[in-house]
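Next come two complexes built around chain A: one with chain B, the other with chain C.
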Partner chain A sequence: MQLLINGLIAGSLAALIAAGLALVYGVLGVFNLALGQIVLVGGYATWWFCQVAGLPLFLGIPAGLVTGGLVAWLTFILFVKPFYKHHRFLPLVTTIALSMILDGLILLLFQERPRSILPGMKETMLLFGGRVSSEQLVLIAFTLVILFGFAYLFHSTAVGRRIRAVVQHDHAAMSLGINAPSLHTLIFVLSGVFAAAGGIFIGIDQNLTPTLAFPITIKAYAAIIAGGKGNFWGAIVCAYLIALLEQVVVGIHWFGVFYIPAGYQQTVALLFIIVFLLLKPTGIFGSVSRSA
Partner chain B sequence: MTSIQYSATVSPMPILSLNGISLTIQNHRILQDVSFDVKEGEIIGLIGPNGSGKTTLFNVLSGFLQPSKGTIAFRGQDITTLIPSRRARLGIGRVFQHFGIFREMTLEENVRVALEALPREQRRALGDLEELIGATLEMATLKSHAKQKAGSLSGGQMRLLEIARTLKSGKELFLLDEPTAGVSPKMTHQVADIIQELKKKGKTVLIIEHDLPFIGRICDRVVVLDLGKVVLIDEPEKVRQSRALKEIYFGADPTT
Partner chain C sequence: MKYVQLFSGVLVLALLTACKPTGSIKVGFIGPLTGDAATFGTDTLHGVQLKIEEVNAAGGIGGRMIELVAEDGRCAGGDAANAAQKLVAVDKVVVIVGGDCSGETLAAAPIAEAGGVVMISPLSSSPDVAQAGDFIFRDYPNDLLKAKAVAQFFAEEGISKVAIITENVDFTVAFRDALKKDVPEGALVFDEVVDPGTKDYRSLMTRLQDMEFDAFFANGTSTATIGAMMQQLREQGFTQTAMTHDAGQDKSVIDIGGEAVAGLYAINVPSVNEDSPFGQKVAERFGGTQAGMAFVSHSYDAMGVLAEAMQAVGTEGTAIRDYLYNLSSYSGIVGNFSFDENGDVIGIPLVLWQVQSGAYVKVKDIAVN
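After this line comes the complex of A and B, so read on.
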């Protein structure tokens, strides 16, 4: 049961990040490898606003989200927009460069020591035989609210219809008067806000450290690849699935004989992609693909 | 935009002017000095062998490709550098060879998203949104399928939906790229009917089509493209009898 709860917590975090990423890939067909760094920027910014500038949490969190969106916007303008029309893999290179720059900046600005947005011991309670803190419950609920809020936006509003139209046939959408380039910017910024939300999640639940960025990126990509590239809900389901799998792999007493060391947790996501691509190259829900 | 109403009889200005359009991609000259005018209400057929640049020309007109040289004017306004969505908002509509339909959306959503993309004043002028969606689906004879995903339609049905959607969202100039491709013979008549309806409503149509009898029936003039150049512009009957056309399609005849 504890594994399930842990998986749910880690999954909520991964789902937030993967959701934004799936959207970017689905609409722009572009990979942003600096995503993990944007997650950290969102988390650290919130930490700074709350712990250094002394803002209360309800102001610090929106400020952190805005920072994430802003960094994503700059990323788009400087590192993606000038390149992705020439070849959609060029941003792969430019965002790797950006990720290194951001890694350096994060280390410089926030140093190596772990930072927590809510320092101190958290009170835990027993729930269905597992331990969980009230903050974790809030975070899980918060994630669900964000995801369902987004689902509503996506499926029932004019903006959502436009986004779906651009995903399914961008030329037809533009020929109807939909301004696809400005939607691209919007979606990139939105993915930054989702990422920052993920960073805030880490900062509240655990500690922020500068080395977290790359594993986060890898896990998010594992989720969107296994979910069927660009498939929003597939990515979210797979994010939860991978997180749960990670908990199970290192948490179970295998055959009553041995434990897999926790250090191998990260490789689970990668194995997951490999197995998936071998069995079903289009992903779990991979019937929907980008139109070329 | 101004509120001046243009009509075929009063307006001396062509609705569309192409002036010396050339397009070179990686040293390949795809289009060379393409120039012609289209009058309001005219139906123009665009023919030529595969690779002659027909669809490329459409992509230049819709704004997906920038010409290397030349200008495009729509109702006297230079639109050469406008992005596709701005051109669409001016009234240029496109129907795609491989169906410009949002397959994972319902038919109703397919129409709704088109109407929502219009500038606000224009949408208001068209009247009640829900009624308009109903009328559009009715025109495409697909009203009973409103809640169905568009991907489940047949080729002919998709084509009808696409044309009806373009018409009802107030477009004035239609770029139809092989409207009968992927359409069953039975449905071809229905597609031809809906194009006739465009003509009756005074819309201007540029149509790429391989079916020459079909072109002959509905077009006022035919533009023949070969290797990216305009070879001939004339009435359908004259084009059909011209030697140039035979040479393009079957090669030059050495005996004549």
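After this line comes the complex of A and C, so read on.
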């Protein structure tokens, strides 16, 4: 049970970030390699609002989310928009450049030492035989609320219908009077907000260090590829799945004989994805890929 | 013919400048200026800078100013090797202070050795550094001593079952291996090595639930990981004695860990108080430390002993090396020390520290038998 809770905690974090990535990739077909840095920006901004500016948590978190969205918006305007129509691989290069710039800026602004939004120990309680803190419960719930909120927006509102239309065919949607370019911006900003939420999650549950960004990006990509590229819900499910796998790999006494050394935690989880993709290259939830 | 004259003219000029060393003396620095270990790197760089500024203000080395060339080793062997290559071959530094992480020092050592450049590490504690080369010194105690001191502490406290989580880098792995030899057979009842930078230890802590252990050792290499280990250990309700080493004796562990690190022991070198004259000097010049005074003071002393050597015997590598081996005692901020035949420091004791009401407090000196 404890492993399940651990997986849920780690999975919620991964899901938030993968969701943002899947959205951008699914709609724009653009790889954003500065995503991990936007995660950190969101986390560090919240840390700053709460620990330095002294705002209470319920104000600091929205402020952090807004900052994440703002940085994502700037990213889109400056580093993606001028390029992605020419070739969808161009933003790959520009966002790598941005990721380096942001890495440097984060180091300059927030220094090397680790930062925690909620320092100290969290009170834990026993729940179904597992230990979990109230903060972690809130974080898990918060993630679900965000994801379900988005599901509602996506499937039951006019905006969602437009987004789905743009996903299916950009130009056709435009010819029907949907303002696709502004939807692209909206989606990019949304992914930034998701990412910032992930950063706040890390800052509350663990601590923020300037070097976290790249590993975060890699894991999010693993989730969207395993989930079937461009498949929003597939990416989220896979993010949870990979996180759970990572916990189970080291937490279980395999066949009652041995433990897998903790150093192989990530390797084994990613190996699983490779094996899976060998068997089903379109991803767990991928349909037969569309050729344009 | 004209060209020959011109060429020989240039050659004579070059020879003249080579024979009569003027201008500044270049000193290299290698340490992690970015990355998870950057708090240590920044502090050690500050120590070197401070010493150089003082030496230069007092007239330099025989009238020549010291010029610092700092390179980022990123706490990684590859980066440190590149840094050493640049310092030795391009900048032609006379001596190097660094690296900080043992992985840096071990990778940079062969290059410094081949170039005949004396290198003093202010921070590397891996046992392997002792054998890294003739030109390689350190003013920081070998981990073998630290592991012995920890084993001794466990024996005194009647701790016979130890759970240890190790972050997979040179320094921590070497420490674990040394500790394994010094404690009784089978005393490490839980012994896991995790990827560098791991911050989710929950499932490992879950496994601890089914075990019996008297003490937990947080063998991480950065304050971020050690802080996270301690938080997750205490959040799972474990109340056992917990201990860490140099990397965790850092105020940011307390900032992150809060109550989770209350009572945490740390085995480390002696440190200078923040309120001491030296601590005030550091606060004035750099606005305090990133990680702790121990880092600033050891690099300050490393640069200090190098400056003394250069004052005495000049800037030739072998002369500096021999001076250091024959040194009877250097009186530094961290204490009076000298070097043994491996270039390891003699004279720096080990100290047991404990977090008490939000700060590291010295418990006692540990004399290793």
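Note that the second predicted complex is superposed on the first by the 267 of 292 C-alpha atoms of A that agree within 3 Å, B and C clash if a C-alpha of one lies under 4 Å from a C-alpha of the other, contacts with A are read in each partner's own complex, and residues count from 1 in each chain.
Here is the rule we use: contacts are C-beta pairs under 8 Å (C-beta built on N, C-alpha and C of every residue); 3 or more make two chains touch, one makes a residue touch a chain.
Only a predicted model underlies this, so the values are computations on that prediction, with no experimental measurement involved.
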Classify the contacts of A:Ser134 with the two partner chains as first (chain B alone), second (chain C alone), both, or neither. neither
Does chain B (first) or chain C (second) touch A:Pro215, or do both, or does neither? second
For A:Ala180, using the defined touch cut-off, is the partner it touches chain B, chain C, both, or neither? Pick first, second, both or neither. first
In this superposed model, does chain C or chain B come into contact with more residues of chain A? C
Is A:Gln266 contacted by the first partner chain B, the second partner chain C, both or neither? second
Give one of first, second, both or neither to describe whether A:Ala10 is in contact with chain B, with chain C, with both, or with none. second
Touching both chain B and chain C, residues of chain A: none
Chain A residues within the chain B interface of the complex: 158, 161-162, 164-165, 168-169, 171-181, 288
Within their complex, state which residues of chain B touch chain A. 62-64, 83-85, 88-89, 92-94, 96, 100-105, 109, 112-114, 116-119, 165-166, 169
Listed in rising order, chain C residues that touch chain A in their complex are 34-36, 38-39, 41-42, 165, 168, 192-195, 197-200, 202-204, 206-207, 209, 222-224, 227-228, 231, 234-237, 252, 255-260, 290-291
Mind pulling up the chain A residues that touch chain C in the complex? 2-3, 6, 9-10, 107, 111-116, 119-122, 124, 131, 133, 202, 206-207, 209-212, 215, 246-248, 250-251, 253, 259, 261-263, 265-266
